[in-house]
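Labels A, B, C, D and E are assigned to the chains in the order they are written; within every chain, residues are numbered from 1.
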Amino acid sequence: MTRPEPDTLRIMALLERPGFALDVDTAFPLEGVTALFGRSGCGKTTLLRIIAGLEHPPGGEVHFRDTAWQSGKTFIPLHRRRVGLVFQESTLLPHLSVRGNLLYGYKRTPEPLRRLHLDEVARLLGIDDLLERRADQLSGGQRQRVALGRALLTSPDLLLLDEPLNALDTQTKREIMPFLARLSEETGIPSLLVTHAPDEVERLATRVAFMHDGQLERLEPLRDALARADSPLFRDDGAVSVLQGELGPADAHGLHPFGPPEAQYRVPSTPGATNGAGRRARLRIDARDVSIALSPPQDVSILNIIPVTIESLDEAPGHHGPARVLAVCRQDDGQTLMAELTRLSTDRLKLQPGARAHALVKSVAFLD
Amino acid sequence: TIAAASDLRFALDEILEAYREAYPDDRVRVTYGSSGRMTTQILNGAPYDIFFSADIAYPKRLYAEGAAVTEPSVYAIGRIVLWSNRMDASELTLEDLTRDDIRRVAIASPTHAPYGVRAKEALKAAGVWEELQPKIVNGDNIAQTARMVQAGGADIGIIALSLAEFPDLAEHPHHLIDDALHEPLTQGFVITRRGADKDTAHRFAGFMGRDTAREIMQRYGFEMPGSE
Amino acid sequence: MLDLSPTDWMAIEVTLKLALYTTLILLVIATPIAWWLANGRGSPGVRTAVQALVALPLVLPPTVLGFYLLVLLGPAGPVGSTLESWGLNHLAFTFQGILIGSVIYSLPFAVQPLQQAFANLGRRPVEIAGSLGAGRIDRFVTVILPMTRGGFIVAATLAFAHTLGEFGVILMLGGAIPGETQVLSILIYDHAEAMDFDSAHRLSFGLLIFAFAVLFIVYAINRRFDTVRL
Amino acid sequence: MTRPEPDTLRIMALLERPGFALDVDTAFPLEGVTALFGRSGCGKTTLLRIIAGLEHPPGGEVHFRDTAWQSGKTFIPLHRRRVGLVFQESTLLPHLSVRGNLLYGYKRTPEPLRRLHLDEVARLLGIDDLLERRADQLSGGQRQRVALGRALLTSPDLLLLDEPLNALDTQTKREIMPFLARLSEETGIPSLLVTHAPDEVERLATRVAFMHDGQLERLEPLRDALARADSPLFRDDGAVSVLQGELGPADAHGLHPFGPPEAQYRVPSTPGATNGAGRRARLRIDARDVSIALSPPQDVSILNIIPVTIESLDEAPGHHGPARVLAVCRQDDGQTLMAELTRLSTDRLKLQPGARAHALVKSVAFLD
Amino acid sequence: MLDLSPTDWMAIEVTLKLALYTTLILLVIATPIAWWLANGRGSPGVRTAVQALVALPLVLPPTVLGFYLLVLLGPAGPVGSTLESWGLNHLAFTFQGILIGSVIYSLPFAVQPLQQAFANLGRRPVEIAGSLGAGRIDRFVTVILPMTRGGFIVAATLAFAHTLGEFGVILMLGGAIPGETQVLSILIYDHAEAMDFDSAHRLSFGLLIFAFAVLFIVYAINRRFDTVRL
């Protein structure tokens, strides 16, 4: 464990508090967005603080790539770790204006390392009108955006984001998330994102780390996390499938073909998204949006009817009880598609693992 | 630099003027204060060349400790008076201080101020010290005592004759306290080790013995040694 | 052991009483002043002026301040003569007199730290308490006071220590009457001036030990109740 | 406007700030939960502060039932308004323990008015283990729950909640929301809830107030807000129908009948919810979960196939573009059901207003 | 107009120099002490003891404190004799000497408000600045200093005003040498002793006006930069 490995963030830490113990020994790949998911009080903030060097558990180890941030007597203080940090609460420097806050870290970033600039960031976060305001003259969501922008403007080596969007309305979030997604893709800044919002995880995360009671229970790619029937991500909306494929040009009805002929979807284009033709894309399909029919039905408004083989039938996750069944189906192109059914339907249709059927996919959404 | 007890203030200022006229090239400066403090300061290296004390005990001590180079010599004898700015003090005696219409009697601190010590002796000798206890208020030094009376805080005070002769205070009459009631206020001076090599210091010491200076001192209510 | 004379003991008693009363009175007076300076209504200019005014007693030499107070409180002064005309005693050379002197002289030490503490508090805690049904006084006692405890401690200890050591004003105004206005600092001063350094050292030492003990205890208690602020 | 009316909270206020002006003249019915919905910086917090008396715009009027809280020279201070307030940020009294915080308002509530008690509230909010902690030893979500509990324990006449759940994970939220819903129903405490989460609105709100740029744009019952095709609530998940009806006892498959015979659903029971038989219930149906078929299909896992008449076909709201159509359908019991279709499907099926069809309802959810 | 004698002018100059230097030196010394007391490592017991110790110069009567300093800094004292043995002058009766005295005597006024301000700050602002790449000194200058400005103002004004008025220590340690150690407060005292009340009033009045002006300006500037805290 103590031997550093390249391109991971390795953490080993034990921290005891009355009624709470954090015990983590893990390595996060330093690529893309790692979502940190877990219940209130499970230790997410504490973990970020250890990584940042704000908590200093004796005997702990933190290695960023091949640099020891904390190991034995070595302890690199926060300001030399080049970490962009967005705190969960009360985050602005009250004696500075919005501009002063945004530029505080920027000015301390060596010129060649600066990858983002004030105007761009302020515009994208929708705070360009507020630059001369004092920090105490902002609304909650505005404060949060300034804190996010300030962290981004340091062009850090690692972003630690503690619920950075939770005071934002859906629309503002929608405007910011593509920017964050692009940022992670284009600049390659890895980030650790604490969030309670499944939409943020789906939209931004490359992988998901599940925390529970001070322990890191699992770290897995987003695809797997979504596919597992008992994933805690499903507690909200039920199981989700994510399909990858190529997107073709729109037809006369404004629908794009997606995926290979043996499992082809027709997908309406979304005006906001830049889903040009010939591009690889990700589709998100809620299991509850998928029905199963033995024969392809006629006269139905459902566009996408995909032949599948049923692989397994489990009790559906979440709060839905024994009356619901999660059917894991394999498309003919090999990708997994999940369908949530009632037990009555499975019984009536006599569904069995191995059976051939048609999946009726009511609606799909692009992930990026 | 001359260090001098505060009761000398007015007299010495005038003597200095006379001295400066006589020796315009000499630079003399005077600092007034309490004798005890100045003694302490001289013992700890204060830049004073001559020290005029209100009580000869202090110069004696300096001489004994080697901080002074001349034997302490007496330059004057002080007198104490009853003085008030509210009533006619010249009509009063020490015994009258016990009267009910006199609520506060100011004296200099009998622990460290020579005038305070003498005042206490005089009151004791007059047999009123014990009875007066509740009325006594203490001033830090004789000048402050005078101010306490002048400000009206105390009805009457025992102050130095030299202060009572000062124009502002002389508006009100005073009662000279019989010098038999207390030990004499022999005031002595020394030249300090620092002043030992300075001509000016010696010249000024000599000047103090001349008639001009003695006359001024007498005018301010000091008795001069050997003039009785 | 320090063996102390009855005069010493009397001085100790007067000193303690004076320091204690001064501190208490100062806290009572300074709190509303400091609150008003920090959060009050009224033009900022006026508040700034008052704030500067409050610091002025520090600027004058204590004996000079004492002299002015003596004139003010003595039988001839406006306050003293008013009191006399009511059949009361004027305040010069009384315990009350030096208490007033100490209070005035130490006022800035009490007001300024409190003002700063109040200003630092911000309005949120008061708003929270208000939303939970606490009225003005209730809020003050249950929220503002505990949250600005640090400021009160600074104010109280500075005022207390300063009163212990103060002697210029008290000497002038009090006249060092044993058992009434002769406080320890004057006694020590007296001994020092009389070159009775033994007594001076002994009393100084005692005073220092005592003050140290009091301050240590106050600070230690304060530290125990410290809350970390995020 | 200045004449007070019973059982409303009437506000008239004009407040100018650099770059922002709040101009509100409205009356909220004092019943149930009014959700305040609007973009970051639109003035939601400011409005709550005016109602609480923390902002004091000259000339403003606030009338609670027939009491003038602010009117001309009348100004009732916050602590006599009996308002339970949850601030958006930094909300605990740092010098008190969790218990001290919770009881602060409780102790100041006259005994006969107390309707909630410490143990109950602490348990329901999941903070009963934290009672002796100092306020600075809590995680973000724990702090938020304490603040909420503290406001509830004053048993106020009006609750003003500024994003009270936004630091909470989905599961904790799910545990708290039924409690809040029940509270509003049982105790009748009206509340104003600022939130950005559509699930909170759907779950808790009786009506929705939309704010935009300092103005109150609309105040309408939840049903209407959801039904309107261009409702800002849809920006996230698309249109939603809410059906009311009676719930029958579970059958052998664990499915409950819901609604009258002419439009009957079969609904799986949710273990958590107490949906006993014979109870009135609300069903939430996402428009994208509804498909249209001209004839009832066979061999399909979809359970609920409801005959409807198509009333209108509009462009679907949200980011979905012209390729999507929102079909508003009337069930035979008169309730409205919305379906989101692709334009291709409508064309293919030749759907027209007035046409008869069958709605295939893939999944439903209970609202309480 | 106040017409002032050359002695007066000299005293004014010395006073200003002394008050200014004292304030500056105090801020420099007190800042690290206060920081350590508020946030430092080391056992709380030790910190509490040091905190109490810092307040002690207040407790002794100024002249007595002056006496001890005199003994310490004079030719016979440990500091003075060391200096002399290096061929330097001892510090008693010099400007440097009274500067040291003033600094020691006013130390508590600088340390305590600063300590309180630092303690109130909490760790969040420092953490934020650290996360943005600011090192220790950078953080101190750009975050802590501006955010605890109130504490520095209180510390500076109390120290400044107190030095203007201080005279016990200076009298004992300085010996009132015009142009060197004779400060205004001593001069006023002297005038008062000499019953030259005209001069005393005049100087007192001037001193008050001056102090008021300085304080008013400082406070007014401070108020302008006030930020409201949530």
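Rule of thumb we're sticking to: contacts are C-beta pairs under 8 Å (C-beta built on N, C-alpha and C of every residue); 3 or more make two chains touch, one makes a residue touch a chain.
All of these numbers come straight from a predicted model, not from anything done at the bench.
Any chain bridging subunit A and subunit B, meaning touching each of them, is among E; the list is complete. Shared contact partners of subunit B and subunit D comprise C. Ranked by separation of Cα centres from subunit C, the top chain is A. A centroid comparison over C-alpha atoms places D as the chain most distant from subunit E. Chain geometry summary: the mean Cα position of subunit D and that of subunit E are 61 Å apart. Centre-to-centre, using mean CA coordinates, subunit A is 57 Å away from subunit E. Centre-to-centre separation of subunit B and subunit E, using mean CA positions: 35 Å. Under the contact definition stated at the top, the residues of subunit E that touch 2 or more other chains are 63, 67, 124, 192, 228-230.
Each of residues 89-90 in subunit D touches at least two other chains. Residue positions 37, 40, 144, 147 of subunit B each touch two or more of the other chains. Contact between chains, using the touch rule, shows up for A-D, A-E, B-C, B-E, C-D, C-E.
Chain contact summary for the complex, subunit C toward subunit B: residues 63, 67, 70-71, 73-77, 80, 92-93, 171-177, 181-182, 189-196. Residues of subunit A that touch subunit E in their complex: 52, 54, 77-80, 82-85, 87, 90-95, 104-105, 108-109, 134-136, 150-151, 154.
Contacts from subunit A toward subunit D in the complex involve residues 17-19, 37-41, 44-46, 88-90, 129-130, 133, 137-143, 145, 162-163, 166-174, 196, 198-199, 232, 235-236, 253-255, 266, 268-273, 288-289, 291-295, 297-303, 319-324, 339-347, 349, 351, 360, 362-363. Within the complex, the subunit E residues that touch subunit A are 124-125, 127-135, 138-139, 142-143, 146-147, 227-230. Across the complex, subunit B meets subunit C through its residues 34, 36-37, 39-40, 61, 104, 106, 109, 111-113, 134, 136-140, 144, 147-148, 151-154.
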